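So, here's a batch of structures to check.
Each of the two complexes below includes chain A, the first together with chain B, the second together with chain C.
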Partner chain A sequence: MDKIYINPLPVRIWHWTNAFGFILLIATGLQLRYLDVIQVMPFQTAVQAHNFVGFVLIANFFLWLGFYLFTDKIKVYHPELSPAKYFMASFRQARFYGYGIFKGEPNPHHASAYRKFNALQSMTYQIIMMLVVPIQFFTGLLLWDVARFSSMVEMFGGVRVVDTVHVIFFIFFTGFIFIHPYLASLSHTPWAHFKAMITGYEEVEDE
Partner chain B sequence: MGRLIGRLCRKGLGLASMVALVLLLPAVAANAEENTLSKETTACLKCHDKEDLTKTLENKETLSLHVSTSAFIESMHGKTDCEDCHSGLDAKTHGKEKASIASKREYSLSLQGSCRECHKKDFAKYEDSLHAALVKEGSKEGRKDAPLCADCHNQHTLRSVKILGPIAATPCAKCHEEIFKAYSKDVHGLERVAKGKSAPICANCHQTHDVKAASLGDGIKEACLGCHKEAVKEHKDWLPNAALHFEAISCPVCHAPGAQRRVNLRLYDEVSKRQISEKAGDPLFKKRTDAADLKETGLNELALYNLLKEFNKDGQGHVVLRGRLEVSSGVEAHQLADKSKAIKDCNVCHQAGAQPFQSVVLTIASPDGRPLRHAVQKDILNSMLATQSVKGFYAVGSTRIGLLDNLLIVVFLAGVGGPLVHIVIKWLFRKERRKNGAAAHADSQAQPGDRRADDASK
Partner chain C sequence: MSALHKVLVVDDDPVVGKSFSRVLGQKGYVVVTAGNAREALSKVQEGEYDVVFTDIKMPGMSGIELAERLKIERPWTPVVIVTGFGSTANQERARAAGVSSFLEKPLSPEMIEYSVLKALLDAVPAVLPGLAEAVNPEPVEQQNSVNPEPAKQQSNLKKVMLFAAAPFIGLAFIITLPFVGLATLAWLGTQSLFGKASTK
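Coming up: the complex of A and B.
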């Protein structure tokens, strides 16, 4: 097994801040929405915690964005600018998770420093990081002080519409928080990807 | 010695009395001058200052003709001559020929013009008020209790508003009895009795002459904030989204803790920034709401959507619903408690089934400014289909969309169940994977450098 430095420090800081932050946002979000079902903390505390963590994660998002914009690591998302290859590789990866993995077929993706994501992962993360997360932060910001952003809230269809979008993505992240660690465990060992996100180094199989 | 002291004291007292008399003389003289009535008025009062002086009107009502001279002199009209207001009377025939008056109401109506002569500004405000609208309505529909000047002000005894009278003497109490009872027991009423003018009475919040329907517009909230100037800042210190709360919730909702609350969806013009009003003689609101709610169970999502569409045809697409939490009645709006008892518990509103969201009404302003209401089914607040109709009204927890709750359950089950199903399938295929792994191992032994099967499947 070789070891490659796959997760630089800023990425690891961003990742774990994001991970714990999203868990807190989901927990406090559940508390805000389902006060009649669960009462772990007072509503007001949940609001304050939700707002605070939200702002931390907005700042954290810019850490991530800055890192990828100002380093050549942005290549990890697009090692090759070939949409056809990209979609084919995504399809192969989906087939692997849905079929090949059961039969013991080899993982079609081979990680390297500039190819750390498989195509499916890369596509999903780009949609999440460039669309879902910004929308979630933006709607969260509008809901943080609706009166302050009233003209923008109106422009997007009113507070109920903005909240509905925020809740739909909250539901998405609730699902993501379960699926993501499971997929991360489907490496050559269940803990390999987790270790890599802590130490930065990932063990890759010899070619 | 004692006699000497006694004499000196008497002299001293006498001297003091003289000094006091000299000092008070101008004041007494001035008062006497102020209280001097004209010859004509004195002549009127000669007869009218008799308590038993009455007149039987055509409708058999008894009109008291008594005017107390002393009360009149002390009144704000003390310097006014009787003729100034009663200009229609002919001194030659008055009291000699029988004048015909239909009723007390008709007599008060006939004197309204006299009030206008001097009180032009206040009268103009009054004419624009809900009270004047009721008077106009009264002339058509026989409503005889709408207030005229004389119903609130006794012209012969009225004192300066600067003089603090007992709260029971407030004329509003005559018509708004239940509300006044509630007020007299609430924090403002009790404070008024204890501290006088520093606490508000009816006119301080509802204005004296340009009285409007309290449930329309933001007039009353502005009245609250007019005195409680620090309120916005104080709320911001602890209340998240304080500005939104101020916009969407009327003050008594939290400050009258025992009140019943409801959601009021107001038809509102986004361009003119005003509530929509019915046009006089064209009761569209009633017609449309009745047609949309034949079973009288309240408007549902579809009915509300269609109704908005119809109003938007008239309003060129600018009509929206603006939701607001308010208390259910005027009496409850006057049950304000000390601020230490105000509701600060978010749970009261922010959970499913919260009381304030159990009743929903749709409102439009009638031509005279009073609200016209129609019931709306409370479920619309939790319906995805009503998202567009009530797009501007949302309370976290209590008005959440039910469909999204179901979606969350599905996604949660998929998030937990998906990996479990995957694990089970992997386990079921374990033998085949082992077989394929062994074959791949054998191949790689034969051809070193080939990729091996993924060990994760183990």
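Coming up: the complex of A and C.
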């Protein structure tokens, strides 16, 4: 079985910092939201931890952004411009996840250094990394110091609107944190993708 | 480059052939496509090609086997391997077969054009040593030395623009995906019903 270098070191550092950071944000976020139900830590500690991890993850996001903007790996996040090609690849991949995988069929997507995502992953990650994550960080920043950003908060419709957007994406990320490891286990062995995100090398079947 | 150069593109995905036709057609090349290695071999028997681009994974004979066959039958024809899956084992086999270069998808128009130029210029000394230098002393560098910096900047700007546009294009695709899926299912269902009706 061949190995290809698919996850460079900055991507691996960003990924695992993000993973643990998001778990902490979800945990402290739950504590902040459901103070009357969960009493794992004092409210003030949850606020401070949530803010601190939030800023760490904002810095981490810029590490990710800088890496992709200043290397040729930017192609990984380039969109597919041919609708026919995209829809065909998406249906093939959806068919694999919904049917082929249970029949032991090979994954129709072959990863390479510049095409590590399949059609479905590609579009999902483009939206998550360049739209959902920045919006979540931005709304988090506004809620961190509402008084300082009051004019901007008002511009977006008030605290209630900003908070609702932040909570909707919080629910999305909570779901993502469960779905992501499940999808990551759907390789030729359950641990192959996890190993690739530790060593950088993905095992691929030869053509 | 001359307007009479013929390029054969071998790939079971017709989109690849179309991409080559679109990029090279504008530059005056004649692009012929083949869906598999057998078809490519028969086309090569029928006419001479200046360069052959082939995918690796195809039904029947693989691109590497095709390259090996071409290197035996027409050693002067440059063969470029194009694949979405560039494993080191495949690269070694391709090099052993004597291919000119090994390109990883996705290919940009610049990569397609540059690889054709490179393959053609590399092929000249193999046939007529010394001719390449006489015709064009610094072939590849000269192509790039016209105004390399603005071209590079434009290319980088394009990459960043594509990166920035990606989530919005992604959103448009994701929103339309269920409708395209349902329309495809309806079309397939209609085809199936009409097909059955016509056989009865």
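Note that in this section the second predicted complex is superposed on the first by the 202 of 207 C-alpha atoms of A that agree within 3 Å, B and C clash if a C-alpha of one lies under 4 Å from a C-alpha of the other, contacts with A are read in each partner's own complex, and residues count from 1 in each chain.
Heads up, the rule we're going with is that a residue touches a chain if its C-beta (ideal position, glycine included) is under 8 Å from a C-beta of that chain, and two chains touch if they have at least 3 such contacts.
Fair warning: this is a prediction, and the values are worked out from it, not measured in the lab.
When the two structures are aligned on the shared chain, A:Ser187 is found in touch with chain B, with no touch to chain C. When the two structures are aligned on the shared chain, A:Glu203 is found in touch with neither chain B nor chain C. Of the two partners chain B and chain C, more residues of chain A are touched by B. In the superposition on chain A, A:Pro79 contacts chain C only, with no contact to chain B. Of the two partner chains placed around the shared chain by superposition, chain C is the only one that A:Ser112 touches, whereas chain B remains out of contact. Residues 207 of chain A lie in contact with chain B in one complex and with chain C in the other. Interface residues of chain B facing chain A in the complex, by the touch rule stated above, are 238, 240-241, 243-244, 246-247, 346-347, 350-353, 384, 387-388, 390-394, 396-397, 399-401, 404, 407-408, 411-412, 414-416, 418-419, 422, 425-426, 428-429, 432-434, 436-437, 440, 449, 451-457.
Within the complex formed with chain A, the residues of chain C that make contact are 15, 56-57, 62, 83-90, 104-106, 159-160, 162-167, 169-171, 173-174, 176-177, 180-181, 184.
Of all the residues in chain A, the ones that touch chain C in their complex are 2, 4, 68-69, 74-75, 77-87, 90-91, 110-115, 122-124, 126-127, 129-131, 204, 206-207.
The touching residues of chain A, when paired with chain B in their complex, are 32-36, 42-44, 47-48, 51, 97, 101-107, 144-148, 154, 157-161, 163-164, 167-168, 171-172, 174-179, 182, 185-190, 205, 207.
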